[in-house]
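Chain nomenclature is as follows: A, B, C and D, assigned in order of appearance, with residue numbering initiated at 1 for each chain independently.
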Amino acid sequence: MKTLRIGLVGAGFMGKAHALAYRSVAGVFRLPVDVTLELIADASQEAADRAARDFGFARATGDWRTLVTDTQVDVVSITAPNVLHVPIAAAAIAAGKHVHCEKPLAPTAGEARSLVEAAEKAGVKTQVGFNYVKNPLIALAREIIEQGEIGEPVSFRGIHAEDYMADAATPWHFRMDPAGGAGVIADLGSHIIAMARYLLGPISEVCGHLETVIAQRPAATGSARMRAVEADDIAHAMVRFARGCTGTIEASWIAHGRKMQIEFEVVGSKGALAFTQERFNELRLYQAQGETSRNGFRTIVAGPDHPPYGAFCPAPGHQLGFNDLKTIEMRDFLLDIAGEPRARADFREGWEVQKVIDAIIRSSRSRQWVRLD
Amino acid sequence: MKTLRIGLVGAGFMGKAHALAYRSVAGVFRLPVDVTLELIADASQEAADRAARDFGFARATGDWRTLVTDTQVDVVSITAPNVLHVPIAAAAIAAGKHVHCEKPLAPTAGEARSLVEAAEKAGVKTQVGFNYVKNPLIALAREIIEQGEIGEPVSFRGIHAEDYMADAATPWHFRMDPAGGAGVIADLGSHIIAMARYLLGPISEVCGHLETVIAQRPAATGSARMRAVEADDIAHAMVRFARGCTGTIEASWIAHGRKMQIEFEVVGSKGALAFTQERFNELRLYQAQGETSRNGFRTIVAGPDHPPYGAFCPAPGHQLGFNDLKTIEMRDFLLDIAGEPRARADFREGWEVQKVIDAIIRSSRSRQWVRLD
Amino acid sequence: MKTLRIGLVGAGFMGKAHALAYRSVAGVFRLPVDVTLELIADASQEAADRAARDFGFARATGDWRTLVTDTQVDVVSITAPNVLHVPIAAAAIAAGKHVHCEKPLAPTAGEARSLVEAAEKAGVKTQVGFNYVKNPLIALAREIIEQGEIGEPVSFRGIHAEDYMADAATPWHFRMDPAGGAGVIADLGSHIIAMARYLLGPISEVCGHLETVIAQRPAATGSARMRAVEADDIAHAMVRFARGCTGTIEASWIAHGRKMQIEFEVVGSKGALAFTQERFNELRLYQAQGETSRNGFRTIVAGPDHPPYGAFCPAPGHQLGFNDLKTIEMRDFLLDIAGEPRARADFREGWEVQKVIDAIIRSSRSRQWVRLD
Amino acid sequence: MKTLRIGLVGAGFMGKAHALAYRSVAGVFRLPVDVTLELIADASQEAADRAARDFGFARATGDWRTLVTDTQVDVVSITAPNVLHVPIAAAAIAAGKHVHCEKPLAPTAGEARSLVEAAEKAGVKTQVGFNYVKNPLIALAREIIEQGEIGEPVSFRGIHAEDYMADAATPWHFRMDPAGGAGVIADLGSHIIAMARYLLGPISEVCGHLETVIAQRPAATGSARMRAVEADDIAHAMVRFARGCTGTIEASWIAHGRKMQIEFEVVGSKGALAFTQERFNELRLYQAQGETSRNGFRTIVAGPDHPPYGAFCPAPGHQLGFNDLKTIEMRDFLLDIAGEPRARADFREGWEVQKVIDAIIRSSRSRQWVRLD
């Protein structure tokens, strides 16, 4: 059995999530490949050494440039700050590595496109970290929609709201660097746009509005100096899908009290689906059939009837956690590399999501609807 | 003690709700006036006679014109089809009656304005049936916002979705008559716009989109003939409030599974409020204070701490029903007439709401933002 | 049409609830009888006069003895302190009145039995105020059970918990007077026992435990003198129903945070029902059928499919309130008097409930199972 | 750094859960020891070989007797059928291994005691698989109770209900073998008893009732032969804790619709805690303080404020899954072995839980309260 050697860039929040997923994936799933944790890169050699010990990587480096060209690395996983996604991914592709990159893939659709073209030319596999669509109940939601169980979709409401930037005293940070792209519409909006596309297909038209509520923040933790913020912290958009139906997209990182509100409702001509990541082991389904006196939204609880839940636990109701979604994501990536493609959120998907983000930004500036090509 | 003699136009859904509220109001509250059910009008004398017996009115008429000029009537309550609101209200004002009218007040802001001017000139009291803002917990929500308990509002999401038109086999009916105004943006949208205004004040700018999903319906129950539908059955709008913050408004009468989803979330700089009419005896409050390990949205249950809940029941948790909201609404109207004004949803408020609706319609046509005067 | 003249004893919490229900009932329902509010009695003439004005009664008295024999009164509604239920009811029956009495009917089953025998001998109609079983969704729950839609019942969990006595500084009051019967097992326990019986039929055996947690309270508001409390403030019982299945009953009036937790779950051989009064316009139904991947508890929202909801409002999801349950209760009582019996919670039912309470008390003392006759 | 070599007995549901936890634990946490997956035993060599490949064990055996004495194994994890727990654990202890055993530890308290005494004599570390108490929010609940944040506990309601045996066509299986102990009171009841003890300390007295609802089942899958079932499938108990307060314990494996209802409510003299495993990343806290008009249960969402959540993810609301609880459990066991004790659910705790189970069984037979020694 072939062994894929992982090189991980970044040892922060998502770096650890990737590492844990790579550690678990071959124990959860029967895979046609093996996985080893080969090399980790972080901002300094010291930090990388510590991360290697913590996460179980064989080697460490303080320079991602070394990692992407290391001959012992087959797969590069990128969890660096957003502004570095493109250069690292481009270098890894150039070195012939398969590349997994966290979202948002690139600051603009144009840069995302370059990565897609490079990867396709190089013949390497790619993936973008839209982990929330990996939820078995989201797969179920898609199946329910595709099989017409709620009829033809007529509307969509999608939200991704959190509150990690709600405190005006939280200092400026890399997510607000215009060089890295937009603000919350990219950081969180990309997730709910990817979700919308996963469930209902391409978005053809948008009318968006971006708002910067907290217009300046401390330049750094404990700093008295204030730095202007240009990035949006609330984003709204009305959208039309290519299939015809309409909907809304909303993103906020200043939504006090919301820790992980990725929420959607899909209404169809015969029923509806409602979901929130706040209770992501539940999916609510309404079907306009049967005796009305006994009808209502039913709460489906995740279980082995919803693959690949059963690989984690053969009994329903035990619940998957966030890191399990990441493990499913890595399975899909590894299967894709092994020639059994399942993943759909490749760089091309990242590019498509970025096109929607770009269109929302343009729409917000022009204060008009914008059609996607 | 003065007695106010009620004349009710319409004996359907809302007609009964008005009648029940007038029956109860003086038992629930200590009022400076008495109330008697004097005269009811419905489409025919026979229907009106039956309604008079059912609801306890002294007299009945098959012609609303008779009612509005009846000298034994002090107050006219209008629950007729939308298209009749303006003519009945105008006639009642002309006859010097105090007028309560169900929403939407008028098909256009211009017509609403005429009613406002006529009523103010005539010196009669008016009210529009925005019953949902009468909920004691909505009063609490407003108080929390006004007192800065969640800081300065930064965003609003408002929804009013139901499914009573979700079945394409449901025939065309008066709510779809363009002569009566817009579709769901007027029928349900008016409620959530009134709610938004009640909580956060005037709306200064909108960007809306109206959609007609079910483009034709049976002309009548059991009819094979189809009739084209022009009215919107889904409405979206991005809005800006005069106070500065932004938000969204959404209305749908084809939202399968939703029976009464008037839902909002107000995010402020220090907390948030979340509410749904589906559980309207609960209000969820988050405040970014205290020990974070113990923090979270708290579910406030309606009780006597939330006036005027205690007038219905001195113990918390027993719950008000929809008809109780209507009783509070009638109290406010009667107090207003008695010279102890509390109600704010007078015809002027109906006009303001209609201005927002009109602006959303115009915006949907021009596909651009529209500023309210 | 015959007119029933109401005499109401007590103008407190439940007195007002009765008054409001009698005011509304003939407007909500088409009844074969009329209702007038004839006479109200309270602790003093002055209090009664005020209540008469507030609630709309024609006359007032400071002595319930006067009321129960008043020739202009057909129906006596008793909302006096528990300890007075038996003497007032007995006197009213002796005077040939129909009698509605709040729960608990009597301090002991023996006294309840005397009332039953007297009423049956006198040929008057009776009712006990088990208002929570009047919920349209509880009627639905019973129908679902009776029609076998969840199979044969195998277990029941019933709770009635509130927190109005949770504060140890709340003074001693009449509900703790041993002359009035037991504590929370009678005051709240009677409700959940009535619910259990309504859904599943007679209880044949109990094993109970009563606990007095707050063993002394201020003798009166503001009093420094403490008074010993003998009454239970937490009650537990394991029960067996005559039909065979088992279950538990629990009551508490010191359950901090719970304002109205009447909650039950009935498990059957093919499904289950779950309900809480905290959201009493919802009933949750699970049926072990259909595709398991789409199955789950469905949340049924009260609507006109659930009689008599439609008499209050023809649209689903608008919600009934507590006072509406009381209106349904009065309808059933009045129909019973008018010769169209629907009510089942007559004094005989009150006696049966009291037998269960008595058995739980005996069991708690003997620390053994007790069989009901 | 010392390396602990794991030997796992059983490759089914819990076997995989143990394997995944051992794989992850050193990546999630910084541990003073390393872990390797050394040897796995299953019913046959072939099954064990497959499991070794699937889970990443170095070696495999078809005989647990070989495993427990293998010199390359330091730690034995037992996930075999209940009836084998005692012999395997005893053999492993005898061989000087540290032993982790799934619950229930033993069929009777006497057998559990023997294991405790053997382990203490041998000086090996032990743990029983009460994974649900490992939830960071359960640690928070305990802390809240211990610090008096809800005052002095006055009552407890604990439930563990699932529906995996609800279908009468589900065949007889090892959990029903009387040789392995009781039925659901041991299988699920042990979890909620352990939870009760974790939160409130020792139970001093019980009054229980066990019920066998489905009295016979197919002898095996597809078999026409029926086999009598002696084991309980519903269990109820009233309990008293040594600290004084009372409560109830309930277990069912035939609770249709319930997939993982481990639910409790602890009421204290100043507040309450409510929890359900169905939404185990949430804890509901009520405190009787502050302005009552703003008070209510608050929903605390798991986050890095609740150790060791942050080791899995530094952002709140992302949610842990079931396997993560198992990883925390393994951390505690490994730290205990490494001389940094944290785990409290050792074999002594398993024995204590079994004493409660035994007392409930005795009480059910004698139909009286039973005092624990």
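Keep in mind that, in the parts below, a contact is a pair of C-beta atoms (placed from the backbone, for glycine too) under 8 Å apart; a residue touches a chain by one contact, two chains touch by 3 or more.
Since the structure is predicted, the reported quantities are computational estimates derived from the model, not experimental observations.
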{"item": "Chain pair with more C-beta contacts, B-C versus B-D", "value": "B-C"}
{"item": "Mean-CA-position distance for chain D and chain C (Å)", "value": "41"}
{"item": "Chain B-chain D separation of Cα centroids, rounded to whole Å", "value": "53"}
{"item": "Whole-Å separation of chain centres (CA-atom averages), chain B against chain C", "value": "34"}
{"item": "Multi-partner residues of chain A (at least 2 other chains)", "value": "258, 296-297, 301, 303"}
{"item": "Contact graph of the chains (line, ring, star, complete, other)", "value": "complete"}
{"item": "Chain D partner contacts - residues on chain C that touch it in the complex", "value": "150, 154-155, 157, 159, 163, 166-168, 207, 209, 211, 213, 234, 236, 238, 245-246, 248, 250, 252, 254-258, 265, 267-272, 274, 286, 288, 296-297, 367-369"}
{"item": "Chain C contact footprint on chain A (complex, rising order)", "value": "140, 144, 149, 282, 285, 292-301, 303, 305-306"}
{"item": "Partner chain D, residues of chain A touching it in the complex", "value": "12-13, 16-17, 19-20, 23-24, 26-28, 30, 54-56, 162, 164, 258-260, 277-280, 301, 303, 312-324"}
